[in-house]
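Below is one structure; the comments refer to it alone.
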Amino acid sequence: SSKDGGSGSQAQVHDLVVGATAAPDALDPSTNTAAAISQALLYNVYETLLKVDGKGAYQPLLAKSWTESPDGLSYTFTLEPNARFASGAALDASAVKTSLDRIGQDPTTLATLKSQLAAIDRVETPDPGTLVLRLKHPDNFLLYFLAQTAGIVYEPSALSTLNQKPAGSGPFVFSAWSQGESLSLVRNASYWGTPTKFDKATFKYYADPNAENAALSSGDLDIISNVQAPQALGQFKDTSRFTILDGTTMSEVVMGFNHSRPVFGDIRVRRAINYAINRPELLQTVADGHGRLIGSMVPPTDPWYEDLSNTYSFDPDKARSLLAEAGHSSGLTLALRVPTLPYATAAATFVTSALKDVGITVTVDQLDFPARWIDEVMTKGNYDMTIIGHAEGRDIVKWADPQYYWHYDNPAFQKLIQQAQTGPADEVNGIMKKAAEMLATDAAADFLYLLANLVVIRADLSGVAENLTSDSFDLTTISSKDF
Amino acid sequence: MSESTPEFALREVRRTFHRRRGRGAGTVAAVDGVDLDVMAGQRLGIVGESGSGKSTLLRMMAAIVAPTSGRISFRGHRIDSARPRDLGALRSSVQMVFQDPNSSLDPRMKVADIVTEPLRSPLVRGRGDAPADRRARLVEVLAEAELEPDIARRYPHELSGGQRQRVAIARALAPEPDVLLADEPVSALDVSVRAHVLNLFVDLVRARGLTFVLVGHDLAVVRHVCDSVAVMQAGRVVESGPVEQVYRNPRHDYTKTLLASVPSIRAHRG
Amino acid sequence: MTELLSVENMVVGFEGASRPTIGGISFTLRAGQRLGLIGESGSGKSVTALALMGLLPDTAHLSGSVRLAGRELVGLGDAKMARIRGREMSMVFQEPMTALDPTMRVGRQVAEVVRLHCARTGSGHTRERVCRMLEEVGLPDAERIADSYPFQLSGGQRQRVMVAMALINRPELIICDEPTTALDVTVQARVLDVLDRGLREVGAACLFISHDLAVVSQICDDVIVMYRGQIVEAGPVAVLLDHARHPYTRGLVATARLDEVAPGARLRVIEDFWDASQERR
Amino acid sequence: MRVASTIARELLIFAATLLVTSLIIFMVVNLLPGDVAGTILGPNADASSIAALRTTMGLDRPWPLRYLEWIGGLLTGDAGRSALSGQPVLALIGPKLAVTGWLVTLGMALAIVIAVPVGIAAALRRKHLDGLIWAGLSQLGMAVPAFLAGMLLVVVFAVQLSWLPANGYVRLAEDPGGWARHLVLPVVSLAIVQSAVLVRYVRSAFIDVLGEDYFRTARAVGWRFGSAVLRHGLRNASLQVLTVLGLQLATLFVGAIVIENVFVLPGLGSLLLSSVNQRDLPVVQTIVMIQVALVLVINGVVDLVARLADPRLRAEATEAGA
Amino acid sequence: MRRAGLIAGTACVGVVVVMALVALFWTPYDPGQVEASQALAQPSAAHLFGTDGFGRDIFSQLLVGARICLQVGIVSVAIGALVGVPLGIWAGMAPGRIGRAIMRVSDVLYAFPALLLAILLAAARGSASTGTAMVAIGVSTVPAFARVAHGATRSVMARDYVAAARASGIGWGGIARTHVLVNIAPVVLVQTSTSFGLAILAEAGLSYLGIGTAPTTPSWGRMLYDAQKYLYQAPLQLLWPGMFIAVAVLGFNLLGDGLRDALDPRLRTGRHDD
């Protein structure tokens, strides 16, 4: 909302208020997994060497340019000479090295981030403007992860207080945080690049999606970063007041099977479940039709995306006969343990009814999210089926980890992923396509749908990305018609 | 029972209460060193002003309230600090009638159950000669208390005040006690029903040769029913003796005031 | 003497009751006269008193005529009635334990009665008057009593405070509803004495309710006897005691005379004189 | 002398109660399955890194040790740090407590302001239609879930009429006007339910008082009905209601949790809920402790006020020590 | 007039009970049956109260919801009463210190905001389900029952009929059975009725916070939670469960008040009302 900073003669204060659902509980994205941290800070406060655009191509950010050695074992980045931290400190190669080395070496940083940068052998800084990464083995995914949270360049002198006071080089600087309530940023007056038009940006957090919608309706918000109750979008159909963006996220809503249970060792059961569920209808009832059917673990913004949603079209008869073949004609009872997240519980309702039609009795219970769900499902593996969205980019690789909570152990798949990562770069897309198809045909899970990126913005605003390609809610591109 | 051992022997009996409200808050000696003997067949009246400790004394004799100090024996056995199961003799042969029939009858019990309740007590049943057939005893005892048999099916609130008090008397009589303790049994009653209840007491006590202790504030009532009297004031017995003697020739000032205060029908005020 | 109070054919019925509780009674009271009202429990004595004061509950229906010094009270509004209550006519209730506001010092409660009816009295003056009144009703330590809360006083003291409240505005009529029934005999004697002197001092008429003929005979000149909502007999105390016409009254007199019977002898009861069952049908 | 010792004894008992309470809270809270390590590492973590983080954070140390640490810290005014953000717990709770405090206090105040006249009317006119309507409305008020009432209020006043903000909170110091506007709907929704409950108590307290002998006495000495109600009825009835108010407080805190959720108020309730979900135990146990202690303290205070206001109880209090 | 409340209360409760009984044998549709094509249908002959966002028949859900609502009420109130009442009686009959200690513990428990307890218990039991909610609500009503039973027991113990029973040699157990239990029954009954209403509200509250009933169980609270997102689109969704919750709570409250009034004359033996 724009408020007059007093009477007419004074300059207007332009301030942007963004509604979000999940609130961060800490502020250091390298030690806490909450996507909400990156949502608010990545690209806004923190910057990376490069950035992925809406089409999946790499764009320069802190690095003006980069080259890859022919053997794929080293990358050389030329840094933006003007770049500096908001505090005024110089952002040179050694600062970047500190950040990257910290991910690799500091025991407190997240294991996920470590594994994303695991290929880096060492970081070299021949001169302040040049950074060289030497790899242990070629990694075709490395640039992607360097453009994400793992690649954030933190101000070296602020590393110990990142959890309370983020310090980066972006167009905004962190200003205040009230846990569970709001997080505010102000304009970085000395930003090295194109400055933002907004003096202030605030993320406000709403546990209750209706409250968030009501806040936008009544003018307390300028943007809802992700509408949680698509059914309520009707409130915003007045195009003179609001613009609705309906794009894609990277979040695949997966009904995971616990492959360590004998019943899911049988592909006929997995297929039967895939046949039994009418996913178009599910998408309609659960998300009011917003989102995409994907059929595998790949969002459309990945370069190797192909539509696999028809691998198992709705066919309850086939489901019944597969079940009978598998020896479950007398019925089958499965425990579906879902986290207390609106889309998950809603999908559970649909799934229960659908599976009942083919003779599978589903007992549903809901687990506190995150702590309880993680404990029961991920750590203890105490479940038959569960439903959750996997929001991380390129998380298809998780299927290659048999320790991961699905306990999916498919050597052929693991080999494909290995090849894609370390093989020739021009073969990556082809191999990844194969891998995605393999997951789909093997019915490794029931890939229910891809969450929609439903953004509602005040009609005068523009520049919000339609598709979400990182965890960040990128404020840097937003502008207003009015100023 | 030999003549020499009294039914009740009280020595230096004291009872204090911690009162938290009202006048005289703090520690109150409700009964403050009382010595008293009650012989078998004696009809003793205890009179005194409100708060003088009459009820407390009686309740200690019934072992409902324990004395703070002093000794109370019933037929030679200490009852002041006895455990419940050692009170067998007392419980089976001593019964009590209370002042307020509204409070002393359980509003949710039928008269039949109220009256036969003592018969269900293990202590009374263990006595041996206790009435075994409860229903027969109920009919008998209602008749003794001059109550219609069909009252047995009613609840206390369906009875008049006089009837209620007679039910309370019937309950006390049911286990065929030897001793009857009565705490102001007619104070809550209308004068017009008082006579009924007093007649009943006189008849019963005489017919059964009961030992009888009556607490009252009305000397006229005590004189009518009892043969001896003890006058209490502030937790102490200030005067005692045969009722006619005390009545005609009061020695203590308080007794005199008490006697003078009893309203009597006067022809016309001067 | 002139008639102070005249009650004519007063009927009181309660919602849901099949027959009226007070079935059309009439009596009169002269200025300064002391009239006893006796009867067994439930005969309607308290209801009569409340009807005269205009304090019957909402569920009661009152008809007939009640005139105080010629003014009709039946149908008078609350505001007008309030001006009469406590000034021309006051009342002492049966239960001394609950009749005073437990949260207010008694001196203030008495003073309120004064201030309520005489607007122009300074508070110092009122206080003085209250203390004097308290002394008059036999509470010598008036200052301390006035500063006490009701729970700090004994039943007899409270009842004397009630008497003080009733007398302090020198009303023409005081209604006492069993003012001593809840008290000890010794205390009862003292309160009756105080009341007797107070009435004489103020020169007020009194309607004295009791179930105890002995008490009434000490205070009153005349008695009316109530039975089941009806007046069965009326007359001077002396006459009534010795020459009651109605058998019920004779029974009532007989039961009260404990002292005339030999100890242990059978007491006479009302039913010896009066068969209640025949009346009831 | 004895006054001091009685007070000391009461305080000692109170402290012991709090200590036992803290132990119970700690046990209950620490029995919660699942832990903060999982929250921090998220759904993409693997079991071994969760175990590693548990050890790093000291979550696998024996509970008596952790309890002593916590309670020791509390006594010195330090409730530890949030397991998630590392912020000092008390610094985290402080501003939230203020929000909940405003909500509860204003809610209670408004509830009283509504309930007393309505309750009196319902008592005085209980045999009449209007009295029955008041009583009926209060019954209805109690029967509607508070969050439903809140949501309906938002629809009408924030979304349809746009008179008031739908939710959110502004600090009093920043913008008093905005603060007030943001609190109107939550306070009203909280007060609706509370006042409905209070109306019942006020009504029955007044019905009791109207049946008391001293009320009849007051009328017999010449107070008009209305004046008697004000002079003698209100005094005595309010004493009865006062004790209830203390007890209502516990329910009010609960109501506040739900209302904070509906109106997105950054209060203790929402912090508690999210902290429970994320197993940020230092925060959870401290919030619960604060709430329970507050209820106990305020109940104690209400008790004291009731004692001071009621001469009978006052005498009891002073004489016990005198 | 005072009967009116009792009658209205009985009628409201009766509606809920009848619905619950019907649901045992028959519902027009399977309440869990998703029928996407029928989503958000308006009330019609086929769907008396319309359908929800999944095309599930609301009427069927309401019927089953009535059963769950009674179940929650019965189980939680039973827990509260079965634990609280004996505790209260014990505290009321035990002399001095023991009694005070019991009530002290109960007071502390009372200070635990009920929902808080429920949240913690729900979290402790792990999965949020109707069962957890029932236990949690039950535990949180224990102190209320203990308090009420304690007070009533104290006043019964002060009565002379207890003294009379003791004077006859009836033991503590006998007194508790024949006198205390019977005489505190009305007060406990009233408390039971009121707690029933509170339990229903508490379940709704828990479900609203997402920690109550599981998604596929059509409790009224859960229905409200699911209906929230249609607040603007299909407000009726919110109205039906809201209305039935109100009816049930109102019914139990009125019933409790009515019982209190109906039982009152006997409780107040001091006044002659007959």
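So that you can tell them apart, the chains are marked A, B, C, D and E in the order they are listed, and the count of residues begins at 1 in each.
One rule holds in what follows: contacts are C-beta pairs under 8 Å (C-beta built on N, C-alpha and C of every residue); 3 or more make two chains touch, one makes a residue touch a chain.
If you're wondering where the values come from, they're calculated on a predicted model, not measured in any experiment.
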If a chain touches chain C and chain E alike, it appears here: B, D
Intersection of contact partners for chain A and chain D: E
Centre distance in Å when chain B and chain D are each reduced to the mean of their C-alpha atoms: 52
For chain B paired with chain C, centre-to-centre distance based on mean C-alpha positions, whole Å: 32
Chain D and chain E: spacing of chain centres that average the CA atoms, whole Å: 22
Chain centre separation in whole Å, for chain C relative to chain A (CA means): 88
Contacts with 2+ other chains: residues of chain E: 123, 126, 228, 231-232
Sequence positions of chain A contacting 2 or more other chains: 208, 210, 235, 340, 368, 372, 376
Junction residues of chain D, two or more chains touched: 32-34, 127, 151, 159, 261, 273, 276-277, 312, 315
Contact set on chain D toward chain E in their complex: 17, 20-21, 24, 28-29, 31-34, 127, 132, 139-140, 142-148, 151, 155, 159, 247, 250-251, 253-254, 257-258, 261, 272-273, 276-277, 288, 291-292, 295-296, 299
Sites on chain C touched by chain B in the complex: 40-41, 151-155, 183-189, 192, 196, 211-215, 217-219, 221, 236-238, 241, 251-253, 255-259, 261, 263-264, 266-270
Residues on chain A engaged by chain E in the complex (per definition of touch): 208-210, 229, 231-232, 234-235, 278, 281-282, 284-285, 337-338, 340, 342, 345-346, 348-350, 352-354, 356, 362, 364-368, 372, 376
Partner chain C, residues of chain D touching it in the complex: 127, 212-214, 216-225, 227, 231-232, 235-236, 239, 309-312, 315
Chain B partner contacts - residues on chain E that touch it in the complex: 159-161, 163-171, 174, 178-179, 182-183, 185, 265-266, 269-270, 274
